[in-house]
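Across the two complexes that follow, chain A remains constant while its partner is chain B and subsequently chain C.
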Partner chain A sequence: MQVFNAFIKVLKKKLPGSIIYVVVFLVIAFPMAMNTANDVDIFEADRLSICIFDEDDTKESRALSACIGKNHDLVELENNRNAITDALYYETVDYVLIINKGYSKRLADTQEQKLFSSYHMHDSYGTVFMEQFLNEYVSAVRAHIAGGAELFAAIQSTEEALSQETKVTYANFLHDDTNTDYPTNFSYFFQYMPYILISVLMHSLCPVLLAMNRKDIRFRTNCSSVKPNAYMVQIFAGSTFFIIGIWTIFIIAGLFMYGGLYQGKAWLAVLNSFLFALVSAAITIFISSFEPSQNFINLMTQVIGLGMSFLCGIFVPQSLLGDGVLAAARFLPAYWYVRANDMLAGKEVYDGTQFAAFLAIEAAFAVVLALLTLLIRRLKYSGANLLKVRF
Partner chain B sequence: MERTVVKIENLVKRYGDLVALDHLSLDIQEGEVFGLLGPNGSGKTTTINCLLSLLSFDKGNIEIFGKKMTPVSYDIKKEIGVIMQNVAVFKELTVYENIDYFCGLYITDKVKRKQYVEEAVSFVGLEDFLKFHPKKLSGGLLRRLNIACGIAHKPRLIILDEPTVAVDPQSRNKILEGIAELNRNGATIIYTSHYMEEVEQLCTRIAIMDKGYKIAEGTKDELKRMIKNTETVSIEILGLSPETRAQIAALPHVYNTAYDGEKLTVYCSGGKHNLIRILDILQKQDLSFGRVYSELPTLNDVFLEITGKALRDKED
Partner chain C sequence: MFLHNFKYELLSSLRTKDMIFWLMIFPIILGTLFKIAFADIYEKTTAFSSIPTAVVEVQENEIFHSVIETLEEEEDPLLSVTYTDEEDALKLLQSGEVEGIIYLDGTLSLTVAEEGMEETILKSFVEQYTVQNKIIIDTAASAQDPTQAKAVIAALSEEISTCTDIPLTDGNPDNMVQYFYNLIAMVALYGAITGLHVTINAQANLSALGARKTCSPTPKSVSLTAGLLGSYLIQTLCMVICVTFIAFILKVNLGSRLPLVYLAAILGGITGVSLGFFVGALNLFRVELKMGISIAVIMLLCFLSGLMVGNMKAIIAQKMPWFNKINPAAVISDSFYCLNIDSGYDRFIQKIITMLIISVTFTALGVLVTRRKKYASL
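Moving on, here comes the complex of A and B:
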């Protein structure tokens, strides 16, 4: 157990960086998992604070004011420049509309002369929103007049058309109420897990493996009476201990978000994450077999972690990614992890056979990487190469 | 009765066309400090790697403690301690943890190991640095840690591969004293170096290597007796005439002279009072001279005479 003990001691020195990763991830994951559920299926149109000065004061202009008042909050202000600019500055009003005298006549005559004046914040969201509405309103009234309608009838038809509420649907974020075992909001916790698993394992395990396999340390070990197989078994045991330890921390943290013991499909998500932990470990061990520098490890952590997250649908849903990106992502293990997780979360129709296939592909990635690592080690540490090492 | 600890017979190691070891044979007896002396690339480290079964070899046989040495001879490996020129310790572990780790590769019993580690710490004088990490140690202390890691398990055979490379003179002396003490405590030592002074000071028997060959072997006195030179006289003198130099060269036991315009070097083979005879000639010519010194032959002279080149490479 001497090698295993040393492995754990070296690991302890490398842990603080990983703990920061874990804490930051959990701090972000908790509120995300909690909040998404509360507002995901609620849509409410934004309401602006509008002040209207009706200089025309006709039934047509009053109809416009009433129409605006249905969708926005009408605010009263003193009709002087200072009071208006103060209100805009302090954002107590978003837009000040002046319906110019002669508005109804010009509207009926479809004249291009100015119907409105306004005070507004230049290029603000409220200004754009309001001016878009006014353009739409005037265009619609004139379209009805052009179609032979009387002015007031045209206004009424326009109001009726504009009063229809926009139907909003959530593609890919649809809350599946029937999937109580594995709610959509909770699935985000597992969705982001590959990034943190890769980051933590590469950040901590890679340097430990490098330390244990440093040329001079390896030389000293080879000279000792410890059998190479016993040495490898202890290194493997140390690595497994760490991988399972980190994964267990996430699974236990997940219990708090889940609100109790996992049920049904949530267990399949746990299994999926375990397989990805093995894939992450295989990636880490594969990278460490090249004996990279600490800077290179940091670089690879970002490249692999972030690259896989963006390409495979961890940070951005796969449904929003282009076909080319998805075609390339198929060659990365995180793609299959996300597919499996999406299926459990109800974003795809659940199919047990297909789900098992996703897990099998992830396992295959881990096996291939492990075999490649063994091949590289065999090539690097064969007897002929010892000569290159000047002890 | 002396027992053979290491027996190497006709060892041949090739790297492609390069013959790294050419029919090397060595017998190292129990209690010896055996020196392997030779310039860089002479085959010292290859010999050590073959000895430890870290390298396969093309021909020959190696026995340690009377048993054939193979990569799986763990019972033999248990009795061997290795100290390399590189400091091979974990920078993440403390001084104590490092010694304990490397000792633990040989000694599994915790109580015994604790005692051994404490003795090793005391032997190298690192008692005040047990909780230090290697990066906080000076170069000399690091070397001591390196030695402690190699000897903590009390090996019967200790192999030191150029342990004093890039070490300051004070630390070098301490290391050499420590090695002598390990030998006095009963360990057989194999010491490789290209520093002839160290090997002369420390080793009871020496093998000189060059290009994979063992070119000579014996005690330092035996080696020196193998060569013609027994004394080298050097005299700082200006304006030495060819006639005077010829007179000196004609003296009995003088077999060669060299003069570079400032210093006269006279090589003698046997005989006594060589220096007095040379000075007599100079005084009779009424020549004034500066410093005069007489040197006995060194291992470098042995190497120079056998191979025709200096032992120490230019970069050393």
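Moving on, here comes the complex of A and C:
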């Protein structure tokens, strides 16, 4: 157990950095995962944030503002070009509408020109939606006026007509009832986990493995009574202890976010994350077998952690990534992890065989990396190479 | 003597691996990843494009056909319609090739796969059609004069445009670019690492080099000035590499005033160096701890400026607007934003002045803390 004890002793020194990663991840993940409002069957239209500057300030213009406010969130902004520009650029507001002075008079005269103005940043979906709504609203009021109604009566009839809702149904291939076991918001907790697993393992395990493998220590171990196989088993046990420890912390923290023991598909997400923890460990041991410097470890942690997260859909959903990026990402394990997680979260159609295939690919990555590591170690620490080092 | 110190400051900085990594390699890696990940997001999520929709005609509907034809004649049509049967429509919806299926039966109905803005627009489109039908039926039923019914239909059929756009900017409205603004701001503030080295290498209690310099005949003012200017020069080089890589290799649209982007980036770098110079001069922590605290604080400032969460700056602007005015990362990234979005220079000049004030303040404080230090014993 001496090697194992030494391993744990070195590991302890590296733990504070890992704890920072774990704590920051959990602090960010908690509010995201706790927001588990899940609406499987009822379609809810997007609500836009709309700022209205009512320059007309008549009962007709106020009626329009109230009508918009029924389906959207009305927000207030300083009537200042810089504030409006910033709000539209950073999307804290989706649409800024000005009800022009003389709106009610022009509406009564069925004029369409100069009724509204809007501050325009770009042709977004929100802009198109609101312009479509405003045209529809005015068109309906004009139709009622053409039908003989007075202006305010026409506005009231328009509001009544607009209040009818079309029933929207979900295609049942995504929205099955079993998805309640693994709510979409909770799935983000597992979605971000690969980044943290890779960062923590590479940040902590790599230096420990390097320290244990330092030339002088390795020589001392080689000439001790500890058999090489026993040495490897203890190093492996130490690494496994750390990996499972970190993974268990996440899974236990997940229980609090989930609100009890995992159910149904959530267990599959746990299995998926366990496989990825093994992949992360395999990557870490593979990198450390090259005996890199601390600077190189820092570089590789960022390259592998951030690289996989951006390319494979951890930080940005796979649906928003380009085809070329996704084609390249197929050669990385995190891509298959995210595909499996998306399938559980209902973003893809669930297919048990395909899900098992995703897990098998992840496991294959771990096995291939482990075999490569063994090969490198065999080549690196073969008798001939050791002799080269000695002389 | 000044030139001698200056030359060796440059050489030693260029040989510091930490600096090469954090100031040159890391931004290139992160910038490339940003480019790969964010390249299509603006086009796919924010900028409007016709919504692909499948239409399943259970019952033939001439009026709907003519509405769609009129729509598709427009320059930027609202919908891009595929007429098909239910089975194929569901396949298209499942594969994500269409956003929704409109069923033409006695009434119109909509089937979607998920919630979103495109689906909301589709719902609104279907409702618009239903609303118009209701208005025609209601007014036809209540109209005393038959010509009124025709007038109603004419009013509903007329293409109107009620809203006039007031353009806000000629710049690049893609808000994903702000991740690159924050990346440049992060590199600028990482100049603190070079700034830290200046004071660490000048103080006898912090490094062996500092001890040697302290007992050399070179006046402290000369060696410190040479160190600071050398760091400014190295940081300027890093900023030029960073902006050039983003603008010309990754081809990110940083606006039409690129020379001023370089100027703001260089000034941001000087702000970063000054910050590090001050932190390094403090007699509070060990060298490693100073380095760790500096990087942690910089990352926090960059997080609050929107490096990790795009609209963080807007959230801070709502909750604590004063903080964005003093957060160096926000000030630096805002200077690029102002150059891109604003037509004038008022806000850009404000940001530049803020950077100058921060730089001068931290440099002066660093000099104040460092001056007249004597080491009786080490």
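Going forward, the second predicted complex is superposed on the first by the 245 of 391 C-alpha atoms of A that agree within 3 Å, B and C clash if a C-alpha of one lies under 4 Å from a C-alpha of the other, contacts with A are read in each partner's own complex, and residues count from 1 in each chain.
Convention: a contact is a pair of C-beta atoms (placed from the backbone, for glycine too) under 8 Å apart; a residue touches a chain by one contact, two chains touch by 3 or more.
Source: prediction; values computed, not measured.
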Which of chain B and chain C A:Thr240 touches, first, second, both or neither | neither
In the superposed arrangement, does A:Leu115 touch chain B (first), chain C (second), both or neither?
-> second
Where does A:Gly322 make contact in the superposed view: on chain B (first), on chain C (second), on both, or on neither?
-> second
Which partner does A:Arg220 contact after superposing on A: first (chain B), second (chain C), both, neither?
-> first
Spot which of chain B and chain C makes contact with more residues of chain A, would you?
-> C
Considering only touches as defined above, state whether A:Val10 meets chain B (first), chain C (second), both or neither.
-> first
Do chain B and chain C touch any of the same residues on chain A, and if so, which?
-> none
Once bound in the complex, which stretches of chain B touch chain A?
-> 15, 45-46, 49, 52, 54-56, 72, 74-75, 77-78, 80, 82, 84-93, 97, 101-102, 104-106, 108, 149-150, 161
Which residues of chain A touch chain B in their complex?
-> 2-3, 5-6, 9-10, 13-14, 211, 214, 216-217, 219-227, 383-384, 386-387, 390-391
Write out the stretch or stretches of chain A touching chain C in their complex.
-> 43-46, 81-82, 84-92, 97-98, 110, 112, 114-129, 131-136, 138-140, 142-148, 157, 161-162, 164-171, 173-174, 295, 298-299, 302-303, 306-307, 310-311, 315-316, 319-322, 325, 349
Per the touch rule above, chain C residues touching chain A in the complex are 17-18, 21, 25-26, 29-30, 33-34, 36-41, 44-48, 76, 78, 90, 93-94, 96, 101, 108-121, 123-128, 130-132, 134-136, 138-139, 142-145, 148-149, 151-152, 154-156, 158, 160-169, 173, 175, 178, 310-311, 313-314, 317-318, 337, 341-342, 347
